[in-house]
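Each of the two complexes below includes chain A, the first together with chain B, the second together with chain C.
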Partner chain A sequence: MFKHLFKLMWNKRKHNFLFLSEILVSFMVIFAISSFLIYYFQNYSKERGLDYEKVWSVSYDESYKTKNSDSLTMYYENLKNVIKALPEVEEVSFSSNNIPYANSISTTSITFKGKSFDGINQYLVGEGYKKVWNMNLEEGRWFTKEDEVAKDRPIVINETLKRDLFGDQSAVGKSTADYEGNKKLKIIGVVQDFKANGDFQPSGRAMFWKVDTAAFRWLNSLLIKVGPKADAAFESRLYKLISNTMKNSSIEITHVSELRISKNEATVMPMIIFSIIAGFLILNVALGLFGVLWYNINKRKGEIGLRRAIGASGSSVSLQLVAESFVLASMSLIVGVFFALQFPLLGVYNVPSAVYLTAILLSVGFIYVLVILCALYPGKQAAAILPAVALHEE
Partner chain B sequence: MIRLQNIEKVYRTDTVETLAVNGISLDIAQGEFLSIMGPSGCGKSTLLNIMGLLDEPSKGSVRIDNQDISHFSDRKLASFRNQKLGFIFQSYHLINDLQVVDNVELPLLYRNSTAKERRRLAEAALEKVGLSNRLKHFPTQLSGGQRQRVAIARAIVGSPQIILADEPTGNLDSVMGNEIMDILINLNQREGTTIVMVTHDENMAHKTHRLVRLFDGSQVQ
Partner chain C sequence: MFKNYFKIAIAVLKRRKFFTFISLFGISFTLTVLMVATAFVNKVVSSDYPDLKRDRCLYVNRVEMRNTKEGWYNQSSPSYYLAEHYISTLKVPQKISISSFSRRTNAYVNDKKIFIEYQFTNADYWTVGDFIFLEGKPYTQQQISNAERVAVISESTKKAYFGDVPVAVGKYIEADNVSYRVIGVVKGVSKTMQVYYADLYLPYTVSKTDYKRKSLMGDYKVILLAGTKADVSRMKQEFNAMIAKVPIDNKQYDKMYIHADGAFEDLCRRMVGDGLNSGVFKLVSLVGLVVFLFLLLPTINLVNINITRIMERSSEIGVRKAFGASSRTLVYQFIVENLILTFIGGGIGLIFSILVIYQINALELIPNLDLRLNVSVLLYSLLACLFFGLLSGVYPAWRMSRLNVVRALKS
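Right, the complex of A and B next:
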């Protein structure tokens, strides 16, 4: 029977072009949405890798004008120590602008065994950075004062970069080089992956440098981990303290939790809008499919009557119409899956293949359910057609 | 073979009640070739539909092959039609999107027969009606007479005991009509198939064993 239905539907493919097109478009839309959703869910279900609660970011302008690096360093170290001495403060660290959840990014490349590894998020950080974010060290250690005089510049990398560079081997003690291949970089530690671009984005490759004296000339971010007693009144006092120290500087204190919300919204909002539009599209497609099937039944009354006459029961006529829809959907899905498979094969957008493959399976399942649901009622109506009436009408 | 007892068929709408068949009793023996004649709207096709279990009488009983079918479920009726009855229609009722051989195979799809068996039986049926060279054609590529021969092949492919033909020559010219009639007579004589044929054509009706005339839903001859 299935072969018969396939033959019948294949011969009617031009007639069913609208139906086939609707299914194909629906599949591609569902595939796109489910790819996004699975990708975001997969990222969301991974550990965050950092604690954003009670972390405040203080941005400032360069306020201390001097050509003497030692004085400059002393000025900022002094400021840091004053802040850290406050009872509400747990840790303080200088940082480059691209703090987690901020809209600023800084990327670089490194070379290892003659091969370049691109798209690495680089963070210039102080000694307290790890404690501010409560990051987990997977191996090795974090920066110390002694690293400032190390022969090879020490770096800390994250798990993703470690995996890309060394696979399952240990990274600590191994050396790489900067993007030009000139400066030697020594890996002293590996931190757990952390999602700096929001809960729905992947960690990606990351690398940390320690702040050196020269960096104080352009650094303008200070991260403060505060304790549970840090309230609005403390924030006001902190602001005054920093303002009084950094005269003529424009100071801004931001709660990182707010940055995180904003960053997550940037992912979620387009997804919600896209899903609503897709939902309406699918609803229209469902109504269209329902209409096409209904129309087909009315056009095929003679055939339905004939089938009843030669031995089909009402339920088998109903089943046949559902099965025909299934066959038609399969014909569209073969084309759709062919196109969808190009995404994992070509590695589009660097999304893992498993995401695309799961999305394909989900979309195929969704389309089959949609088509079968749309075919059930028309199929039931077809079963109720009296054969004598159907044959007479033809 | 077929026993109709006091059959009545009433069609009701909100305002009108039409008596299509009025108290017809008929016995059709095995191997008989019976024709039913009458003016349009006299209830010929309705009676044929009742005999073919495509419609239920409002009153009376139908027995086919000594079985009272009044208590049959939809599924059992379908199976009974598939096994015992073959249908030929004035407008052929071929599926234009299927090749001739696939059209003929249709009744066998509702049986537990293999694809190979279906193909063998369909080819044999088409050979009987002289269309073994048209297996791969589509119905739209055939003449009216050829289409009706395909419909006959479809009706006989399952070797039914009874063939019900509703004006099988109605859409054909006299030459083609005679060809179709010869095939039916041949079937009746050689294979002993019981045939009930509704026709408007007096000449065709006279070629059958018995003629039943209807008028306003009642049997007049």
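Right, the complex of A and C next:
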């Protein structure tokens, strides 16, 4: 039956051209939106990997000017110790300014077995960093004081980078080289992935260096994990304390939980706007399809009446009309799926293929449901056509 | 004749209410989105408080250095040194406004934290920008030279910091651990107005960072104001001639790009351009593409419905043709009918967009953003209606005009 219907529709392809292109474009819109939604949902359902509550970030600009790196280190270590000594503070760590949820990104690449791995988020961190974020260690250990004098610079990597480099094998104790392939880097630990770009973005590859004396010249962030007793009054006191220590610097204290909200909003808000617009577009299309199908059935009264007169049942007439729309939708979808399949095949935007494939399935299902829903009522109306009346008009 | 078309159009609209509803729904929704987007773009692109002299201004926002051999490049904003030592020597500009990019800090009032964005400015900043002072006045050159700790604050900062007091001038505001005497309160600037948006304005001489540092790259921005519109191009020439002579202060790089751009060019350069290319073409074509893709679906839908409606009227068309109406007349008639439909949809869309814009303003998603449907937005919307009406009317009208008289009459 479908072969026959397909032939019928194929012969009328020129007549149905607009109908076909409308379904095609709708499919593309649904595919785009659902790809995004599935991608974000997949990321959202992964573990966060860090604890952002009660973490404050302090940013400052270059304040202490000296050529002597020993006194520079002393100055900053002293600042850290003063803050850590406060009863409300649980842990303090220096950090490069690409702290989780901030709008700053710093990436690098490494060379492993002659191959370059790029797009690695690099974090320059202090010893307390792991405790500040309550990060989970998968294997090996975190940085200690002794790492400063190690011959090969020690690094900690995250799960994703470990999997890319070593697969299922253990990474601890192995070495890799920096982006130029010159300096040896020794992996001392692997931490669980953490979603630094908000709950809806993937963690990506990440790698941690320990802060060294040279870094103090340009570092400008301090992370503080505070206890339950830390309130606004404490924050105001802390602010005074830091500004009085760093006389020439501008200070800003931000709660990481606020950064997280705005980071998540940056993903969610455009999605909401696009989804609303797409929703209206689809509603628009659905109404349009409904109208056109309805009209077509009215025009084919004669044909339908004839079929009824020679014995076709009402339900088989309405089934034919629904099946016709189904075939029409399939013709568009074949073209649409062909284009959509290029995304996973070419690996566009580094999104996992599973996301695109699920999105294609979902969109195909959605379009079928939409078209069949729009055809049901006109089909039912066609079934109600009385052969005598229809043939009389003709 | 038009009156007749109008009558016919209304009659046709009344005949098939469901189709009319679908068409109007599609048109009004599409135009609502377009109008809101236009209102937003218009807000960003056109002259607005306090940047009212836009057509006489040139903006200097970035310094880009390139190593043409290795392909490295480094991009930042001008330093105070560049603005003061080089740009200030220009003869054509009437006024030169120099201000830092907004930085953020905290202020604490009664153990409540307020985020404050602040800018350091020179005295000309207040004459180049047309600020509305609700209280007090800006700081003078004398006060700047004396490095007095005085501040101009925005309306919202006054409310957040001092609460509902009648007068803030003369009070002290403590931000970034320094106390400043408030000497003026200005009406809030929209966040979309990046050049002027801040909560706190301070004289550049009280800056904690070393603004005199001899480097071309820094954290400042410059606005050049010409005496008349005619002087703008002369000002640009003078600027380019001066920049060509500035020595590059970093040996790693061999080329330097600093532009004095008009407002629109500046916006494009900031969004998609770089030192070599202003990005005007890129941005305009990008926006065009997005609008086209957005219009595609409603247009196909409307064309589809229009064809259906015309086919319904085939007997009418057949009769008119048989009595000698030319194809052209019929095409005109149909396009006019479609335009009438579009404009009715546009009217409904306008009501919707007023509601949406009211909502956006009420939600305060962007601080101080006050979207308005002004004359130019309405004009653009009218254009959008016309464009949309023609786009969706021409193909069905063409199909109709080719209708065979005999077949049409037979039905």
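Basically, the second predicted complex is superposed on the first by the 394 of 394 C-alpha atoms of A that agree within 3 Å, B and C clash if a C-alpha of one lies under 4 Å from a C-alpha of the other, contacts with A are read in each partner's own complex, and residues count from 1 in each chain.
By our rule, a contact is a pair of C-beta atoms (placed from the backbone, for glycine too) under 8 Å apart; a residue touches a chain by one contact, two chains touch by 3 or more.
As the structure is a prediction and not an experimental result, all values here were calculated from the model.
After alignment on the shared chain A, the placement of chain B and chain C results in a side-by-side fit free of clashes. Legend: residue contacts after superposition of the two complexes on their common chain; A:11 is shown touching chain B, with no touch to chain C. By the touch criterion stated above, A:387 is placed in contact with chain B alone, chain C being left untouched. Shared-chain residue A:222: touches no atom of chain B or chain C. Between the C-alpha centres of chain B and chain C, as viewed from that of chain A after superposition on chain A, lies an angle of 90 degrees, to the nearest 10.
When the two structures are aligned on the shared chain, A:314 is found in touch with chain B, with no touch to chain C.
Once the two complexes are overlaid on the shared chain, A:305 sits against chain B while remaining clear of chain C.
Counting residues of chain A touched by each partner, chain B versus chain C, the larger count belongs to C.
Once the two complexes are laid over each other on the shared chain, residue contacts for A:327 go to neither chain B nor chain C. Looking at the shared chain after the overlay, A:19 reaches chain C, while chain B stays out of its contact range.
In the superposition on chain A, contact of A:281 is made with chain C only, not with chain B.
Remark: least CA distance from chain B to chain C after fitting both complexes onto chain A is 12 Å. Across the complex, chain C is touched by residues 18-19, 21-22, 25-26, 29, 61, 231-233, 235-236, 239-240, 243-244, 248-253, 277, 280-281, 283-285, 287-288, 290-292, 294-295, 299 of chain A.
Every residue of chain B that touches chain A in the complex is listed here, in rising order: 45-46, 49, 52, 54-55, 74-75, 77-79, 81-83, 85, 87, 89, 91, 93, 95, 97-98, 102, 105-107, 109-111, 115, 154. Residues 1, 3-4, 7-8, 11-12, 15, 302-303, 305-316, 386-388, 391-392, 394 of chain A touch chain B in their complex.
Only residues 18-19, 21-22, 25-26, 29-30, 33, 103-106, 108, 111-113, 176-177, 208-209, 294, 296-298, 300-305, 307-308, 311-312 of chain C touch chain A when the two sit together in their complex.
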